[in-house]
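Naming follows writing order (A, B and C), and every chain is counted from residue 1.
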Amino acid sequence: MKVFFPKKEAFGWTLTEAAADGAIPSDYSYAVVPPKKLIFPQEEIFFEFQQTADEGLQLRETLPELPPQVIVGVRPCDGRAVAALDQVFSGSFEDPYYWRRRRATILVGLACNTPPSNNCFCSSLEGSPSSEEGLDVLLTDLGDRYYVRGLTEKGKELIRAQSSLFSDPTEEEKKLRNKISQEGAQKIKRHLEAARELPPKLKTMFDSPFWEEAALSCIRCGICTYLCPTCHCFDINDETRALAPLKGRRVRTWDTCQFPDFTMHSSGHNPRPNKAARLRQRLLHKFLYFVELYDRFQCVGCGRCLDLCPVGIDIIEVLSKARNHGA
Amino acid sequence: MVSEDKLREEVKKLLQEGKIKYFIGYENGGPGWLARPAFIQQPEAVSRLIWSPGCVHNLTRFLQDEKRRRAREKNPDLRPVGLIVKGCDSRAINVLLQEKYIERKDVYLIGVSCELLGVVDEAKITRRLYPAKPLQVRFGAKETILVLTDQGEREIAASEVLADRCLECPANFPLVADIVLGEKINRPNPQPYQSIASFEAKSLEERWAFWQEQFSRCLRCYACRSVCPMCYCDECVADSIVYAVSADTTAEEKAQKVKWVERNPEPQENIFYHLVRAIHLAGRCVDCGECERVCPVGLPLRLLNKKLEKEAKALFGYEVGLDANSPPLISCFRDNDPQDFIR
Amino acid sequence: MEHNVYLPRIGQIVEVKEEVKGARPIKSFRVQLLDGPIFPFRCGQCAMLSVFGKGESMISISSSPLQTDYLQFSVLKMGRVTSALHEMEPGDLIGVRGPYGNGFPVEKWKGKNIVFIGGGIGLAPIWSVLQTTLLQRADYGELCLIYGARTSHDLVFRQELTDLKAQIPVHLSIDVAEPGWSEFVGFVPQNVLDKKPSAVNSIAVTCGPPIMIKFVIMALKDLGFEDSQIYTTVENKMKCGIGKCGRCNIGHHYVCKDGPVYSWAELKQLPQEY
């Protein structure tokens, strides 16, 4: 079993493979790189290929073999994000690489007593600082101990395996936990009002000049998408290691709709030839198309894209303006 | 002191008189952002413009967008773009002029002097004032920075929170500009290359181990390259995110493109990307510090560029961005250039 | 063990035919699968062909599903993968993943007249439907083909087209007059207006360069075709082929999975971003 625990680095927190020795530090905010990295890693080797004169063409599938992994300190927004990714990678074609990792993963969430970021807005998007969706266990920090809820069979089994460490909560503890949950939601500073009005409004705005203005300062890097806990776009490439005999592997890597050549045809034709079209795609995918497919937003309000955008593009501001555009 | 009112007045006049197409400056950012780039097209909108120690961005980066826009349009508006340049940014303009990426008439530059200060490092302010969260910054009276936090206003000594690059900056005053706001004050620079000093003391093995560890974190988001004014190549040799082809590009040309770097983020690919980029920036990087600032996983990229800057000076007496008319470092060879490496 | 959707089956090229030579060559490849019979599929579906070491390319299956000896792919040489494919010969091995996409609703078209309108390589996906309707001739009304290319050298399936003329009306065109060319000279949409196919109880199936499709649809509307009578296939850059990599979407549809076949009535509802 591997355990991933919050670790403080110079630039922020990470979920690092480490022994969990003690409580999660009280100044823990959120992991800069979301837990999706451990279930949908940035590099996944699909298979190796080899072609020799004697044995011909051979493909060696490299499905991930991994021990159970417990990720501790998952914020509820990131838990909901994993639930959204689960939808993407199932359906008529199940993705075996994703699901092997997903089934080996146990998500131990930590409720947010205070918003981890100035820019958190989970409550505007049907989430909350104590949301349980996607998680196996939810911890709430009561000050000197954790209030623990086993949510799934995997989570409950984890608790049962160490039952001597737990005791039934008292009425006082239950009340305190509810109080903390309520206060956590009240402390959220930023809100995206009337989010459910966005999908029908955005549907009318495809050809609007609004996107040109919104995308003026975008430098088309991959930060908003790579650090987003729900973004899942990927690339597949063959990497040749040797030519004769042919040896190599097929690799999946993260990709982003913000890179100019993401949708470029071999002929040079690009359905999204400028930043405005690409910003529009990102926001419409998250707040319209995903809703049309799965009846949920593809944004959990974690605030990372806001915190990390090099030029300060503010998704709450852009969407609020979109919602009121032309009114 | 640089007057924000004077700045707004100047820009308003330029827009009213139609002398510039639009203006690129800074405005207040959202919560948790000290400032951010602003594109001002209407004279009335100049009230958005600010000048504060949070104005860290190198706005010359957006000249790439302008150039690409002109290439796409049938009858492009050829009026200059107006923008604010700090000392470091003005050196970037000089490099772009040297390389003939832009012409002087393409830009109208409002220079601002950093006087005795500079811009702040947001991480330093956040650490210094924790648990209060910084929301906005202003220049204080005497080499101090006023910070508006979510728990009230604080005043701190600038030296504690200025960006590292400002502490070693040799060019706190714009070298090229149409007008300049603020006074020209010679700021002493007693310890240039301070930030690489401790790194240079490491052995080669220690340095290699350091970089292996650092680059294992790189996500190849390419924010460092995307934010750099000098990384303007349509296609980057090290894993391009732009594919410069047209309907006329033959299948053979496309088939023969070499992939020097794979898309995967394994350490050796990451190192290759960063080192190639650093070498391609030798003699061109003005240390605006943006690459390091924007990196979401805190890679110490300035170390690479600063080292090469130091080498360029030591080996060739070359300083970046001082003179738009001098030939670029890598494209000229002088008789007295060192040749001891040629055997 | 569940089948890995990303793992190709190994296919062997059994025949290579040069359709078009020159600067924009097209070759047809007939492929058999090494580990068993070819998979069942529907007209208009595609498969991801792998050239290991180069990558994958999504190519429509141009043979009919009623023909089970091989899968036929007609490939225009465009870039890295297709260039490598064009170097291959019978006996060479490639990867095949599929079938992907929604296919043409040929069952719904029984009893109707069908006008096939193609341009250049666009004839390839239409060929599958055309062959199928010919093999089930009694189930369909009148069939006709209107097909053109830049020059006579860019027309695909030349021999098959000559043979086809004996069975159904075939109206060919090239953009610019050539010595020896006696058929229509002009663009495909102009030929459509010239030949005036009837819209009564008819379906029109069109595929070709985007600009041609646009004008063909306009021509068909002029001739009285309703949006729901006009079908086309859309193309986009693809990688996974199964609607997960996020690349080929038009609105909330993934062209690889929910398309590539759309009626104009359906396509009009989606954002015009392709």
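Rule of thumb we're sticking to: a residue touches a chain if its C-beta (ideal position, glycine included) is under 8 Å from a C-beta of that chain, and two chains touch if they have at least 3 such contacts.
Computed from a prediction, not measured in an experiment: that's the story for all the values here.
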* Asked: Counting C-beta pairs in contact, which comes out ahead: A-B or B-C?
  -> A-B
* Just grab the chain with the largest centre-to-centre distance to chain B, centres being mean Cα coordinates. => C
* Structure fact -> Between chain A and chain C, the Cα-mean centres are separated in Å by 38
* **Geometric centre distance via CA averages, chain C-chain B, whole Å** => 49
* **For chain A paired with chain B, centre-to-centre distance based on mean C-alpha positions, whole Å** => 30
* To do: Would you mind listing the residues of chain A that make contact with two or more other chains?
  => 235, 237, 255, 264, 266-267, 269
* Could you tell me which residues belong to chain B and also touch two or more other chains? => 254
* Set of chain C residues in contact with two or more other chains -> 78-79, 82
* Inside the complex, what are the residues of chain B that reach chain A? -> 29-33, 35-39, 57, 61-62, 65, 72, 123, 130-131, 133, 150, 219-223, 225-227, 240-243, 245-247, 249, 254, 262-266, 290, 293-298
* To do: Over in the complex, which chain A residues touch chain C? Could you list them?
  => 46-47, 49, 51, 56-57, 59, 61, 63, 88-89, 91-97, 206, 232-238, 240, 243, 246, 248, 250, 252, 255, 257, 262-267, 269, 271-272, 277, 281, 284-285, 288-290, 292-293
* Asked: Residues of chain C touching chain B in their complex?
  -> 23, 77-80, 82-84
* Asked: Which residues of chain A touch chain B in the complex?
  -> 9-12, 27, 32-33, 42-43, 117-119, 189-190, 216-217, 219-223, 226-227, 235, 237, 239, 251, 253-256, 259-261, 264, 266-269, 274-275, 306-308, 310-314, 316-317
* Structure fact -> In their shared complex, chain A is touched by residues of chain C numbered 2, 4-8, 10, 50, 52-56, 78-79, 82, 93, 95, 210, 235-237, 239-240, 242-249, 251-252, 257, 271-274
